[in-house]
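Naming follows writing order (A, B, C and D), and every chain is counted from residue 1.
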Amino acid sequence: MVELAYATMRIQCFGVAREIAGGSSITLDQVEGATVADLRQRLVATYPAFGELVSFAIARNEEYARDEEQIMAGDELVIIPPVAGG
Amino acid sequence: MVELAYATMRIQCFGVAREIAGGSSITLDQVEGATVADLRQRLVATYPAFGELVSFAIARNEEYARDEEQIMAGDELVIIPPVAGG
Amino acid sequence: MDNSDTLHDILLSDRPLSLEHCRDFVSHPSCGGLCFFVGTIRDVNLGETVTHLEFEAYAPMAVKEMRKIAVAARDRFGLHAVALHHRTGDLAIGDTAVIVAVSSKHRKPAFEGCEFVIDELKKHVPIWKKEFRPDGSHWLNARP
Amino acid sequence: MDNSDTLHDILLSDRPLSLEHCRDFVSHPSCGGLCFFVGTIRDVNLGETVTHLEFEAYAPMAVKEMRKIAVAARDRFGLHAVALHHRTGDLAIGDTAVIVAVSSKHRKPAFEGCEFVIDELKKHVPIWKKEFRPDGSHWLNARP
(Lines give C-alpha, C1' and ligand atoms only; values in the text may rest on other atoms or scores of the structure.)
Protein backbone atom coordinates (compact mmCIF):
# COMPACT_ATOMS: atom_id res chain seq x y z
CA MET A 1 0.00 0.00 0.00
CA VAL A 2 2.98 2.30 0.34
CA GLU A 3 3.22 2.44 -3.44
CA LEU A 4 -0.37 3.65 -3.79
CA ALA A 5 0.28 6.39 -1.28
CA TYR A 6 3.30 7.52 -3.32
CA ALA A 7 1.16 7.60 -6.42
CA THR A 8 -1.37 10.12 -5.11
CA MET A 9 -0.92 13.58 -6.57
CA ARG A 10 -2.07 16.92 -5.35
CA ILE A 11 -3.73 19.28 -7.84
CA GLN A 12 -3.83 22.92 -6.75
CA CYS A 13 -7.00 24.97 -7.12
CA PHE A 14 -7.48 28.72 -7.51
CA GLY A 15 -10.47 30.99 -7.88
CA VAL A 16 -13.70 29.24 -8.70
CA ALA A 17 -11.85 25.89 -8.78
CA ARG A 18 -11.08 26.31 -5.07
CA GLU A 19 -14.78 26.86 -4.41
CA ILE A 20 -15.76 23.81 -6.46
CA ALA A 21 -13.15 21.62 -4.78
CA GLY A 22 -13.99 22.98 -1.35
CA GLY A 23 -10.32 23.63 -0.68
CA SER A 24 -7.03 24.77 -2.16
CA SER A 25 -6.16 21.36 -3.58
CA ILE A 26 -7.57 18.04 -4.74
CA THR A 27 -5.73 14.78 -4.11
CA LEU A 28 -6.17 11.98 -6.65
CA ASP A 29 -4.44 8.63 -7.05
CA GLN A 30 -3.46 6.93 -10.32
CA VAL A 31 -2.66 10.26 -11.99
CA GLU A 32 0.96 9.39 -12.83
CA GLY A 33 1.17 8.17 -16.38
CA ALA A 34 -2.28 9.50 -17.26
CA THR A 35 -2.63 12.19 -19.90
CA VAL A 36 -3.82 15.69 -19.17
CA ALA A 37 -7.04 14.82 -21.04
CA ASP A 38 -7.56 11.87 -18.66
CA LEU A 39 -7.07 14.13 -15.67
CA ARG A 40 -9.56 16.67 -16.97
CA GLN A 41 -12.13 13.91 -17.50
CA ARG A 42 -11.60 12.57 -13.99
CA LEU A 43 -11.95 16.04 -12.51
CA VAL A 44 -15.27 16.58 -14.29
CA ALA A 45 -16.46 13.11 -13.26
CA THR A 46 -15.57 13.75 -9.62
CA TYR A 47 -16.69 17.39 -9.50
CA PRO A 48 -19.38 17.91 -12.16
CA ALA A 49 -19.26 21.69 -11.53
CA PHE A 50 -15.97 21.80 -13.45
CA GLY A 51 -17.99 20.81 -16.51
CA GLU A 52 -20.19 23.87 -16.02
CA LEU A 53 -17.33 26.33 -16.33
CA VAL A 54 -16.74 28.26 -19.55
CA SER A 55 -13.51 26.26 -19.79
CA PHE A 56 -10.65 25.12 -17.62
CA ALA A 57 -7.05 24.32 -18.36
CA ILE A 58 -4.41 22.32 -16.56
CA ALA A 59 -1.04 23.86 -15.80
CA ARG A 60 1.82 21.42 -15.50
CA ASN A 61 5.03 22.77 -13.96
CA GLU A 62 3.89 26.37 -14.42
CA GLU A 63 3.04 26.03 -18.12
CA TYR A 64 -0.26 25.43 -19.89
CA ALA A 65 -0.38 21.67 -20.60
CA ARG A 66 -1.64 20.18 -23.85
CA ASP A 67 -4.28 17.42 -23.64
CA GLU A 68 -1.90 14.72 -24.91
CA GLU A 69 0.88 15.41 -22.38
CA GLN A 70 1.60 12.60 -19.95
CA ILE A 71 1.72 13.44 -16.26
CA MET A 72 4.91 12.42 -14.46
CA ALA A 73 5.81 11.91 -10.81
CA GLY A 74 6.73 15.21 -9.19
CA ASP A 75 4.78 17.37 -11.65
CA GLU A 76 3.22 20.48 -10.21
CA LEU A 77 -0.41 20.37 -11.35
CA VAL A 78 -2.84 23.27 -11.15
CA ILE A 79 -6.42 23.70 -12.36
CA ILE A 80 -6.72 26.96 -14.29
CA PRO A 81 -10.33 28.12 -14.55
CA PRO A 82 -11.11 30.99 -16.97
CA VAL A 83 -8.67 33.79 -16.18
CA ALA A 84 -9.83 37.33 -15.40
CA GLY A 85 -6.79 39.52 -14.84
CA GLY A 86 -6.55 43.22 -15.63
CA MET B 1 -3.40 109.27 -46.36
CA VAL B 2 -4.75 108.60 -42.89
CA GLU B 3 -7.09 106.03 -44.42
CA LEU B 4 -4.23 104.13 -46.00
CA ALA B 5 -2.45 103.96 -42.63
CA TYR B 6 -5.60 102.57 -41.05
CA ALA B 7 -5.77 99.95 -43.77
CA THR B 8 -2.40 98.35 -42.99
CA MET B 9 -2.69 95.04 -41.23
CA ARG B 10 -0.22 93.09 -39.17
CA ILE B 11 0.19 89.38 -39.82
CA GLN B 12 1.84 87.44 -37.02
CA CYS B 13 4.58 84.92 -37.76
CA PHE B 14 5.67 81.83 -35.81
CA GLY B 15 8.33 79.19 -36.30
CA VAL B 16 9.87 79.10 -39.75
CA ALA B 17 7.54 81.93 -40.84
CA ARG B 18 9.23 84.21 -38.31
CA GLU B 19 12.61 83.30 -39.82
CA ILE B 20 11.36 83.92 -43.37
CA ALA B 21 9.79 87.25 -42.43
CA GLY B 22 12.81 88.28 -40.39
CA GLY B 23 10.59 89.15 -37.45
CA SER B 24 7.49 88.22 -35.49
CA SER B 25 5.12 90.01 -37.87
CA ILE B 26 4.65 91.30 -41.41
CA THR B 27 2.74 94.53 -42.11
CA LEU B 28 0.86 94.78 -45.39
CA ASP B 29 -1.57 97.39 -46.73
CA GLN B 30 -4.70 96.74 -48.80
CA VAL B 31 -5.41 93.47 -47.00
CA GLU B 32 -8.89 94.47 -45.82
CA GLY B 33 -11.49 93.13 -48.20
CA ALA B 34 -9.06 90.72 -49.82
CA THR B 35 -9.63 86.99 -49.57
CA VAL B 36 -7.37 84.65 -47.67
CA ALA B 37 -6.24 83.24 -51.05
CA ASP B 38 -5.22 86.77 -52.12
CA LEU B 39 -3.24 87.20 -48.90
CA ARG B 40 -1.44 83.90 -49.39
CA GLN B 41 -0.52 84.88 -52.95
CA ARG B 42 0.81 88.25 -51.80
CA LEU B 43 2.87 86.62 -49.07
CA VAL B 44 4.48 84.22 -51.54
CA ALA B 45 5.09 87.07 -53.99
CA THR B 46 6.74 89.19 -51.28
CA TYR B 47 8.62 86.35 -49.54
CA PRO B 48 9.22 83.57 -52.10
CA ALA B 49 10.48 81.31 -49.29
CA PHE B 50 6.87 80.83 -48.18
CA GLY B 51 6.33 79.04 -51.49
CA GLU B 52 9.11 76.60 -50.60
CA LEU B 53 7.37 75.35 -47.46
CA VAL B 54 5.52 72.05 -47.44
CA SER B 55 2.40 74.16 -46.93
CA PHE B 56 1.19 77.11 -44.92
CA ALA B 57 -2.21 78.12 -43.66
CA ILE B 58 -3.67 81.39 -42.50
CA ALA B 59 -5.38 81.65 -39.15
CA ARG B 60 -8.04 84.34 -38.87
CA ASN B 61 -9.23 85.15 -35.35
CA GLU B 62 -7.69 81.98 -33.93
CA GLU B 63 -9.32 79.63 -36.44
CA TYR B 64 -8.00 78.08 -39.64
CA ALA B 65 -9.31 80.28 -42.48
CA ARG B 66 -10.65 78.96 -45.78
CA ASP B 67 -9.23 80.40 -49.00
CA GLU B 68 -12.48 82.13 -49.94
CA GLU B 69 -12.93 83.97 -46.62
CA GLN B 70 -12.77 87.74 -46.82
CA ILE B 71 -10.47 89.56 -44.43
CA MET B 72 -12.11 92.28 -42.31
CA ALA B 73 -10.75 95.21 -40.34
CA GLY B 74 -9.66 94.09 -36.89
CA ASP B 75 -9.06 90.47 -37.86
CA GLU B 76 -6.19 88.75 -36.09
CA LEU B 77 -4.14 87.18 -38.86
CA VAL B 78 -1.41 84.60 -38.34
CA ILE B 79 0.71 82.59 -40.76
CA ILE B 80 0.62 78.90 -39.78
CA PRO B 81 3.54 76.98 -41.29
CA PRO B 82 3.46 73.16 -41.08
CA VAL B 83 2.78 72.29 -37.46
CA ALA B 84 5.03 69.96 -35.48
CA GLY B 85 3.60 69.52 -32.01
CA GLY B 86 3.91 66.43 -29.87
CA MET C 1 17.18 48.31 -29.88
CA ASP C 2 18.80 46.26 -27.15
CA ASN C 3 17.09 42.91 -26.72
CA SER C 4 18.34 42.32 -23.20
CA ASP C 5 16.01 40.52 -20.83
CA THR C 6 16.50 43.38 -18.40
CA LEU C 7 14.22 45.51 -20.55
CA HIS C 8 11.07 44.19 -19.05
CA ASP C 9 9.89 44.77 -15.53
CA ILE C 10 7.32 42.28 -14.26
CA LEU C 11 5.61 42.68 -10.90
CA LEU C 12 2.80 40.84 -9.16
CA SER C 13 2.18 42.49 -5.82
CA ASP C 14 -0.34 42.95 -3.04
CA ARG C 15 0.85 46.56 -2.62
CA PRO C 16 -0.36 49.62 -4.61
CA LEU C 17 1.16 49.90 -8.09
CA SER C 18 3.15 52.93 -9.21
CA LEU C 19 2.61 54.56 -12.60
CA GLU C 20 5.69 56.71 -11.98
CA HIS C 21 7.85 53.64 -11.39
CA CYS C 22 6.64 52.12 -14.67
CA ARG C 23 7.18 55.40 -16.52
CA ASP C 24 10.74 55.69 -15.19
CA PHE C 25 11.49 52.07 -16.09
CA VAL C 26 10.49 52.35 -19.75
CA SER C 27 11.79 55.88 -20.43
CA HIS C 28 14.89 56.07 -22.61
CA PRO C 29 16.60 58.83 -24.63
CA SER C 30 16.08 56.85 -27.85
CA CYS C 31 12.31 56.61 -27.29
CA GLY C 32 9.90 59.29 -28.40
CA GLY C 33 6.69 57.50 -27.49
CA LEU C 34 5.53 55.99 -24.24
CA CYS C 35 2.11 54.38 -23.99
CA PHE C 36 0.42 53.31 -20.77
CA PHE C 37 -2.69 51.38 -19.94
CA VAL C 38 -4.01 51.55 -16.39
CA GLY C 39 -6.85 49.21 -15.45
CA THR C 40 -8.88 50.39 -12.48
CA ILE C 41 -11.76 48.94 -10.47
CA ARG C 42 -15.14 50.17 -11.70
CA ASP C 43 -18.15 50.78 -9.47
CA VAL C 44 -20.52 49.14 -11.95
CA ASN C 45 -20.09 45.96 -14.03
CA LEU C 46 -22.76 44.70 -16.43
CA GLY C 47 -25.20 47.13 -14.84
CA GLU C 48 -24.63 45.86 -11.30
CA THR C 49 -23.13 47.85 -8.43
CA VAL C 50 -19.72 46.55 -7.36
CA THR C 51 -18.43 47.15 -3.84
CA HIS C 52 -14.92 45.72 -4.21
CA LEU C 53 -12.88 43.00 -5.92
CA GLU C 54 -10.53 40.28 -4.75
CA PHE C 55 -7.66 39.22 -7.03
CA GLU C 56 -6.02 35.85 -6.71
CA ALA C 57 -3.07 34.61 -8.76
CA TYR C 58 -1.13 31.41 -9.32
CA ALA C 59 1.87 33.56 -8.73
CA PRO C 60 4.89 31.72 -10.18
CA MET C 61 3.08 30.88 -13.40
CA ALA C 62 1.45 34.32 -13.63
CA VAL C 63 4.86 35.98 -13.49
CA LYS C 64 6.20 33.59 -16.14
CA GLU C 65 3.24 34.28 -18.44
CA MET C 66 3.56 38.03 -17.89
CA ARG C 67 7.23 37.82 -18.81
CA LYS C 68 6.42 35.85 -21.99
CA ILE C 69 3.93 38.51 -23.03
CA ALA C 70 6.42 41.31 -22.42
CA VAL C 71 9.09 39.52 -24.46
CA ALA C 72 6.62 38.79 -27.26
CA ALA C 73 5.48 42.42 -27.36
CA ARG C 74 9.04 43.72 -27.53
CA ASP C 75 9.88 41.34 -30.37
CA ARG C 76 6.69 41.84 -32.32
CA PHE C 77 6.45 45.63 -32.12
CA GLY C 78 10.12 46.53 -31.77
CA LEU C 79 9.57 48.09 -28.38
CA HIS C 80 12.42 49.32 -26.25
CA ALA C 81 11.05 48.30 -22.84
CA VAL C 82 7.90 46.93 -21.23
CA ALA C 83 6.70 47.19 -17.63
CA LEU C 84 3.79 45.00 -16.58
CA HIS C 85 2.56 45.28 -13.00
CA HIS C 86 -0.49 43.54 -11.54
CA ARG C 87 -2.12 43.73 -8.12
CA THR C 88 -3.37 40.85 -6.00
CA GLY C 89 -5.58 40.87 -2.92
CA ASP C 90 -8.54 43.07 -2.04
CA LEU C 91 -9.04 46.13 -4.23
CA ALA C 92 -11.47 48.99 -3.71
CA ILE C 93 -13.34 50.97 -6.37
CA GLY C 94 -10.87 53.23 -8.19
CA ASP C 95 -7.82 51.17 -7.23
CA THR C 96 -5.35 50.24 -9.95
CA ALA C 97 -5.39 46.54 -10.83
CA VAL C 98 -2.88 46.59 -13.67
CA ILE C 99 -0.37 48.90 -15.34
CA VAL C 100 1.14 48.33 -18.76
CA ALA C 101 3.91 50.69 -19.84
CA VAL C 102 5.83 50.46 -23.11
CA SER C 103 8.37 52.63 -24.86
CA SER C 104 9.24 52.86 -28.50
CA LYS C 105 10.97 55.16 -30.96
CA HIS C 106 7.65 56.08 -32.51
CA ARG C 107 4.10 56.24 -31.24
CA LYS C 108 2.27 53.74 -33.45
CA PRO C 109 4.10 50.63 -32.19
CA ALA C 110 3.82 52.00 -28.65
CA PHE C 111 0.01 51.99 -28.89
CA GLU C 112 -0.11 48.63 -30.64
CA GLY C 113 2.34 46.99 -28.24
CA CYS C 114 0.59 48.35 -25.16
CA GLU C 115 -2.80 47.07 -26.34
CA PHE C 116 -1.29 43.70 -27.25
CA VAL C 117 0.10 43.30 -23.72
CA ILE C 118 -3.18 43.98 -21.93
CA ASP C 119 -5.17 41.84 -24.41
CA GLU C 120 -2.79 38.90 -23.93
CA LEU C 121 -2.74 39.33 -20.17
CA LYS C 122 -6.50 39.02 -20.06
CA LYS C 123 -6.34 35.85 -22.16
CA HIS C 124 -3.50 33.89 -20.63
CA VAL C 125 -2.24 35.05 -17.24
CA PRO C 126 -3.55 32.91 -14.35
CA ILE C 127 -5.13 35.67 -12.32
CA TRP C 128 -8.75 35.54 -11.17
CA LYS C 129 -11.03 38.13 -9.73
CA LYS C 130 -14.00 37.77 -7.48
CA GLU C 131 -16.54 40.53 -7.72
CA PHE C 132 -18.41 41.59 -4.59
CA ARG C 133 -21.87 43.12 -4.96
CA PRO C 134 -24.30 44.18 -2.26
CA ASP C 135 -26.15 40.87 -2.80
CA GLY C 136 -23.23 38.45 -3.01
CA SER C 137 -20.02 37.57 -4.81
CA HIS C 138 -18.84 35.51 -7.78
CA TRP C 139 -15.70 34.71 -9.73
CA LEU C 140 -15.72 36.68 -13.00
CA ASN C 141 -15.72 34.97 -16.43
CA ALA C 142 -16.04 31.53 -14.80
CA ARG C 143 -19.55 30.51 -15.78
CA PRO C 144 -21.45 31.06 -19.05
CA MET D 1 -21.33 59.56 -19.41
CA ASP D 2 -21.49 63.21 -18.40
CA ASN D 3 -20.83 65.46 -21.38
CA SER D 4 -19.85 68.48 -19.33
CA ASP D 5 -17.14 70.72 -20.74
CA THR D 6 -15.31 70.37 -17.45
CA LEU D 7 -14.28 66.86 -18.44
CA HIS D 8 -11.33 67.99 -20.45
CA ASP D 9 -8.20 69.53 -19.06
CA ILE D 10 -6.12 71.49 -21.58
CA LEU D 11 -2.72 72.92 -20.70
CA LEU D 12 -0.03 74.68 -22.71
CA SER D 13 2.85 75.44 -20.39
CA ASP D 14 6.55 76.26 -20.24
CA ARG D 15 6.82 74.22 -17.01
CA PRO D 16 7.34 70.44 -16.72
CA LEU D 17 4.20 68.39 -17.33
CA SER D 18 2.79 66.01 -14.74
CA LEU D 19 1.62 62.52 -15.65
CA GLU D 20 0.19 62.15 -12.14
CA HIS D 21 -1.89 65.30 -12.55
CA CYS D 22 -3.31 63.97 -15.84
CA ARG D 23 -3.99 60.57 -14.30
CA ASP D 24 -5.82 62.12 -11.36
CA PHE D 25 -7.85 64.33 -13.69
CA VAL D 26 -9.19 61.52 -15.87
CA SER D 27 -9.67 58.88 -13.15
CA HIS D 28 -13.29 58.13 -12.25
CA PRO D 29 -15.09 55.28 -10.44
CA SER D 30 -17.11 54.52 -13.59
CA CYS D 31 -13.96 54.07 -15.70
CA GLY D 32 -12.08 50.80 -15.92
CA GLY D 33 -9.56 51.84 -18.55
CA LEU D 34 -7.12 54.73 -18.63
CA CYS D 35 -4.79 55.18 -21.58
CA PHE D 36 -1.87 57.59 -21.72
CA PHE D 37 0.50 58.72 -24.40
CA VAL D 38 3.66 60.53 -23.35
CA GLY D 39 5.77 62.10 -26.08
CA THR D 40 9.39 62.63 -25.11
CA ILE D 41 12.40 64.23 -26.77
CA ARG D 42 14.58 61.70 -28.59
CA ASP D 43 18.35 61.92 -28.89
CA VAL D 44 18.29 60.89 -32.56
CA ASN D 45 15.91 61.96 -35.35
CA LEU D 46 16.20 60.62 -38.91
CA GLY D 47 19.63 59.28 -38.03
CA GLU D 48 20.95 62.64 -36.79
CA THR D 49 22.02 63.43 -33.24
CA VAL D 50 19.73 65.92 -31.53
CA THR D 51 20.99 68.10 -28.68
CA HIS D 52 17.71 69.79 -27.69
CA LEU D 53 14.43 71.17 -29.06
CA GLU D 54 12.63 74.47 -28.85
CA PHE D 55 8.82 74.50 -28.92
CA GLU D 56 6.88 77.56 -29.97
CA ALA D 57 3.09 77.91 -30.00
CA TYR D 58 0.48 80.35 -31.19
CA ALA D 59 -0.93 79.93 -27.73
CA PRO D 60 -4.56 81.12 -27.84
CA MET D 61 -5.32 79.17 -31.01
CA ALA D 62 -3.31 76.13 -29.88
CA VAL D 63 -5.41 75.90 -26.71
CA LYS D 64 -8.61 76.25 -28.75
CA GLU D 65 -7.55 73.51 -31.17
CA MET D 66 -6.48 71.25 -28.30
CA ARG D 67 -9.90 71.75 -26.71
CA LYS D 68 -11.67 70.92 -30.01
CA ILE D 69 -9.70 67.68 -30.26
CA ALA D 70 -10.50 66.70 -26.68
CA VAL D 71 -14.22 67.36 -27.24
CA ALA D 72 -14.18 65.45 -30.53
CA ALA D 73 -12.43 62.49 -28.92
CA ARG D 74 -14.92 62.34 -26.06
CA ASP D 75 -17.85 62.44 -28.47
CA ARG D 76 -16.44 60.01 -30.97
CA PHE D 77 -15.16 57.34 -28.57
CA GLY D 78 -17.55 57.86 -25.65
CA LEU D 79 -14.69 58.79 -23.34
CA HIS D 80 -15.30 60.00 -19.82
CA ALA D 81 -12.49 62.59 -19.64
CA VAL D 82 -9.49 63.81 -21.62
CA ALA D 83 -6.37 65.63 -20.42
CA LEU D 84 -4.09 67.13 -23.05
CA HIS D 85 -0.97 68.92 -21.85
CA HIS D 86 1.77 70.33 -24.08
CA ARG D 87 5.09 71.98 -23.26
CA THR D 88 6.56 75.11 -24.82
CA GLY D 89 10.08 76.51 -24.65
CA ASP D 90 13.42 74.71 -24.55
CA LEU D 91 13.31 70.97 -23.95
CA ALA D 92 16.21 68.62 -23.29
CA ILE D 93 16.57 65.00 -24.40
CA GLY D 94 14.18 62.84 -22.36
CA ASP D 95 11.89 65.75 -21.42
CA THR D 96 8.16 65.28 -21.86
CA ALA D 97 6.71 67.37 -24.71
CA VAL D 98 3.13 66.16 -24.55
CA ILE D 99 0.82 64.06 -22.39
CA VAL D 100 -2.51 62.65 -23.54
CA ALA D 101 -4.65 60.96 -20.89
CA VAL D 102 -8.11 59.52 -21.48
CA SER D 103 -10.52 57.47 -19.42
CA SER D 104 -13.30 55.20 -20.52
CA LYS D 105 -15.49 52.41 -19.21
CA HIS D 106 -13.60 49.87 -21.33
CA ARG D 107 -10.11 49.66 -22.72
CA LYS D 108 -10.67 49.57 -26.48
CA PRO D 109 -12.13 53.10 -26.78
CA ALA D 110 -9.46 54.32 -24.37
CA PHE D 111 -6.69 53.18 -26.74
CA GLU D 112 -8.51 54.47 -29.82
CA GLY D 113 -9.38 57.81 -28.27
CA CYS D 114 -5.86 58.38 -26.95
CA GLU D 115 -4.30 57.66 -30.34
CA PHE D 116 -6.87 59.89 -32.05
CA VAL D 117 -5.94 62.81 -29.78
CA ILE D 118 -2.20 62.63 -30.42
CA ASP D 119 -2.70 62.06 -34.17
CA GLU D 120 -4.99 65.10 -34.43
CA LEU D 121 -2.70 67.23 -32.30
CA LYS D 122 0.17 66.56 -34.68
CA LYS D 123 -2.01 67.55 -37.66
CA HIS D 124 -3.78 70.68 -36.49
CA VAL D 125 -2.45 72.34 -33.33
CA PRO D 126 -0.30 75.41 -34.09
CA ILE D 127 2.82 74.32 -32.26
CA TRP D 128 6.23 74.23 -33.91
CA LYS D 129 9.51 72.69 -32.93
CA LYS D 130 13.02 73.65 -33.82
CA GLU D 131 15.53 70.85 -33.69
CA PHE D 132 19.08 71.62 -32.60
CA ARG D 133 21.89 69.39 -33.85
CA PRO D 134 25.62 69.75 -33.31
CA ASP D 135 25.86 71.30 -36.80
CA GLY D 136 22.89 73.67 -36.73
CA SER D 137 19.15 73.96 -36.26
CA HIS D 138 15.97 73.85 -38.32
CA TRP D 139 12.19 73.95 -37.90
CA LEU D 140 10.78 70.44 -38.22
CA ASN D 141 8.33 69.48 -40.99
CA ALA D 142 8.63 72.92 -42.61
CA ARG D 143 10.46 72.12 -45.82
CA PRO D 144 10.11 69.13 -48.17
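What we mean here is this: contacts are C-beta pairs under 8 Å (C-beta built on N, C-alpha and C of every residue); 3 or more make two chains touch, one makes a residue touch a chain.
Computed from a prediction, not measured in an experiment: that's the story for all the values here.
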| item | value |
| --- | --- |
| Steps needed, at minimum, to go from chain A to chain D via contacts | 2 |
| Centroid comparison with chain D (C-alpha atoms), farthest chain | A |
| Whole-Å gap between the CA centroids of chain C and chain D | 23 |
| Interchain centroid distance [CA atoms averaged], chain A/chain B, Å | 74 |
| For chain B paired with chain D, centre-to-centre distance based on mean C-alpha positions, whole Å | 27 |
| Distance from chain C to chain B - Cα centre to Cα centre, in angstrom | 49 |
| Where chain C touches two or more other chains at once, by residue number | 39, 118 |
| Numbers and ranges of chain B residues touching at least 2 other chains | none |
| Which chain pairs touch, all of them | A-C, B-D, C-D |
| In the complex with chain C, residue positions of chain A that touch it | 12, 14-16, 19, 52-54, 59, 62-64, 78, 80-86 |
| Residues on chain D engaged by chain C in the complex (per definition of touch) | 19-20, 23, 27, 29-44, 93-94, 105, 107, 110-111, 114-115, 118 |
| Complex contact set, residues of chain D against chain B | 39, 55-58, 60-62, 64, 86, 97-98, 118, 121-130, 139-144 |
